[in-house]
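Look for chain A in each of the two complexes below; its partner is chain B in the first and chain C in the second.
Moving on to the complex of A and B:
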């Protein structure tokens, strides 16, 4: 049979694949175009919802890079959002830095903290890591309110007002960061580094037996994860217009990305995006119509989804044969 | 090649020591799994490690590969002390191992399983795994999850995976158990090819005596964590302690 050696598909199948690909590109470009034009054509409310979606995509992909791939569930993720948020705000207010530079430095500061914590925490296995990170989140949140750091962090009051920037600028910033986070995830998952991280998730002992330095790989992933969480937190804080320890380190910014990744598909490129899209709209809907019961409904829906689709939507579609079993999805 | 011919060849080659285990003791609480054990694995040969269940064979593998820390004693590989190295460092030194229970990465594709292994040379990225897959007849399954393969294919994949980093010494734990005869033959062919043509060293745990008797250059028998016999297949076969360990007195 006349098969293509690199892909192993026949010409007839090939045309089908190309047609599908063309459609994907067309839809992709249309969606991108719509998102670019959105702040100018849609209502302020719609643009804000989409902005929040971008923030969640960045948070979710960031969490996914570490926890989705290695299986090390990080319950202290918003610790990086808090540290990066504070770093960027302090740099802007006290040192007059330009916003985008402050955000990047904020992301780097979160990475540095991740590196230091990772040296210790990533030697713990499984649930010990998860609980340890949760404890660290609460501890560091407390540290930011304490009098020891208050000359820098302004204690429990934080910075009640940050000079506003234009919503359009924030919208496009969050858009770009979300796209970069998706692209980075794609690059990692399809690389050999990604294969090593997945191997750690599958069987860490066996991974080490083929020469994988598990701790070093986990620490690297942890730093990248913290960087994206931190970078997006900078924009998020700018949008919120204030920062104080309770909101900056709020565990909400840990739980929501985790739920999004689990729903969409941990360890995949598009799973976190799908999870973020669904839950941003569900959250918006529930919050508007069932303000009192919203967290409860959210919880019940989540329990059902995790029970019915343990590998997330992506894995479910792959097992049904709707999606091909490739890592690029 | 019959065993005499094989022995002649080995005498000519005169393999030096690849792995030396010196006075290793490993206890779990009051249980002594490995007791003051010393063995020597010669380069370029296939050494069989036999013994009843619970004799300490797998524990010994875990000590050699750094998964377990011994209470006392030392492990040398090609003359260097590797006792306190981490498992990944020991793998990078050139020791590959497979596990008694299959430990391939189930939810990763066959190709990805190979790509996880270290020491891939720059540039040759796609070629080497493709060669291995071709050689082992796994090429049609390269994009399938490894967990979907048959038990025999999974065992073959676990050998292919360690071959990715081209180890000098391979520790295979019951690699020929639970696979069909064709696959068993394939596995044994691979072992012989690597040993005879490329001078690789093997230490294999097996319960299948046909495999041990037909393919090993030397056999070591363990019982209760101690070495009770060592020598050629024939010598071990006739050793009274070995017979006693297997059949009782």
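Moving on to the complex of A and C:
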């Protein structure tokens, strides 16, 4: 924040920086105002696309908090979406809970599962963790289909119909959750906790040798990540109007956030948002023309990003000097 | 329900699992890359075999040879275009890269082959043994798998190029100093991984139904097998495959057919936690 103090720029340049900041605030407030008014002024289709964008922002920021910051790639992220989605739907249908409360409890349930899994899984290093999470995703999906949980989860059929709620309410819920997830990411990245996570990403041994409890920090990040993924999944499932194991735990909800975060910039605040904005519109465009082929594009984008732009758009802009090299972006 | 036939059935299934996982383990051994797209190469192999049989009416067992060449070429291309650029970087980079390749391939198959379940109608009858019937296909497959494993082992042990592959996998720097073109050897190694996948795919096509998403069902089993056998060990992968095959067959018989699928992820996580180097691997510091 106190850039002018630490960087020692001249007053004239300082005014330039302030002017730039003012413009940023003006644009930000305009965009926010537009997004708030959107369901009332735009077509239902446009509002739906923006709603999906919010959902993806929430998913992507959630994945980013764990995997972007610590470098522990989570291939089982949709596990949390599935668990939270199920919890919220069961609470709403079987216990008649009010939607927002059910969503929050769903998010908390995903967090609790993340805590329990993290205690065990986060002792594994790098690739072992990634593959172990993939295995857990499949195992837990099967468990939700199985006869053992059927009385609660209705087995393979799930809940074919959930009474719809008003789209406007879902829109604003997703909007608020997306904003909170961005704000939380900002708070984490600028905090000492975030610095510890980044230290773990750069060199876990070195981080541990200066007294950072790597496992505890990773577990905390894992729980926060699962909470946002789960919270957003509640809204997402409400929008979809049904839940069954195959769609709820689908690896699609892991792939999409990964590609978005990689595109925007892992470990940054706005990277996942940029990735989500670009890919939501690309997906919407491709989906309407090549209904089946658009997932192929995700694969290609992923490969190209790893090869050509490993830091994502944010890192690329920073290295070109377009963006200042600060962590708050 | 007798136990011995179940055991034999499990071993027949397990040999195929072992071959499927072998290529994954081999590629890891040569260049420490976890190839998530390996099961997609198996799927491509199965479909190549299927189309050759479907359009050209080639005997399904003979299709194995052109399929091997085809997948080898694809793998060499993938290595040249993408994988060679990230060899030696952090494992997670290769994990994400090959995951991207895998997503592309399975969706490619879904678009162009459609998600219909297909199978090669190839039957050579069955044999009776110990009072129960075994499909001849599975026994042929077992023989081919065993032959491939033996040939691969001999190839690595005695041929010049096999020795070069082992040298590169043990220490790329020293291998390079000794005059081995490590990039070429790695390309060849990645191609052999593809060949193993191709044979596994062709053999799967004559026994099970094939579909574009079969890779995502198979990859976890491959991971579990490689974890049990120890990363990089070929015989370990084969034995790990036999263990998983027997465990799944017993699980299906005495427990529940769908729940038997939990065995692979369960074994995987248990091995990671209790014995990360696998049953037949040795503990090693990985930096």
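The criterion applied here is as follows: the second predicted complex is superposed on the first by the 317 of 329 C-alpha atoms of A that agree within 3 Å, B and C clash if a C-alpha of one lies under 4 Å from a C-alpha of the other, contacts with A are read in each partner's own complex, and residues count from 1 in each chain.
By definition in this document, a contact is a pair of C-beta atoms (placed from the backbone, for glycine too) under 8 Å apart; a residue touches a chain by one contact, two chains touch by 3 or more.
On a predicted model such as this, the values are computed, not experimentally measured, just so you know.
Q: Quick check on the chain A-based superposition: chain B and chain C, clash or fit?
A: fit
Q: Identify the partner contact of A:136: answer first if only chain B is touched, second if only chain C is, both if each is, neither if none is.
A: second
Q: Quick check for you: in the superposed arrangement, does A:327 touch first (chain B), second (chain C), both or neither?
A: first
Q: Please indicate which partner A:52 is in contact with in the superposed arrangement: first for chain B, second for chain C, both, or neither.
A: In the superposition, A:52 touches no partner, neither chain B nor chain C.
Q: Of the two partner chains, chain B (first) and chain C (second), which one does A:302 touch, if any: first, second, both, or neither?
A: Only chain C; A:302 stays clear of chain B.
Q: Between chain C and chain B, which one touches more residues of chain A when both complexes sit on the common chain A?
A: C
Q: Between the C-alpha centres of chain B and chain C, what angle is opened at the C-alpha centre of chain A, expressed to the nearest 10°?
A: The vertex angle at chain A equals 80 degrees.
Q: According to the stated criteria, A:71 is in contact with first (chain B), second (chain C), both, or neither; which is it?
A: second
Q: Rounded to a whole Å, what is the shortest Cα gap between chain B and chain C in the overlaid structures?
A: The answer is 10 Å, the least C-alpha separation in the overlay.
Q: Over in the complex, which chain B residues touch chain A? Could you list them?
A: Answer in residue numbers: 65, 67, 86-88, 91-92, 96-97, 99, 103-109, 112-113, 115-120, 125, 143-145, 161-162, 164-165.
Q: Can you list the chain C residues touching chain A in their complex?
A: 34, 82, 85-86, 90-93, 95-97, 99-105, 107-108, 110-111, 216, 220, 223-224, 227, 256, 258-259, 261-262, 264-266, 268-269, 272-273, 276, 286
Q: Tell me, which parts of chain A touch chain B in their complex?
A: Listed in rising order, the residues of chain A that touch chain B are 8, 192, 195-196, 198-199, 202-203, 205-214, 325-327.
Q: Name, in rising order, each residue of chain A that touches chain C in their complex.
A: Within the complex, chain A contacts chain C at residues 71, 73, 75, 120-121, 123-128, 130-132, 134-136, 138-139, 142-143, 145-147, 251, 255, 258, 262, 292-293, 295-296, 298-303, 305-307, 310.
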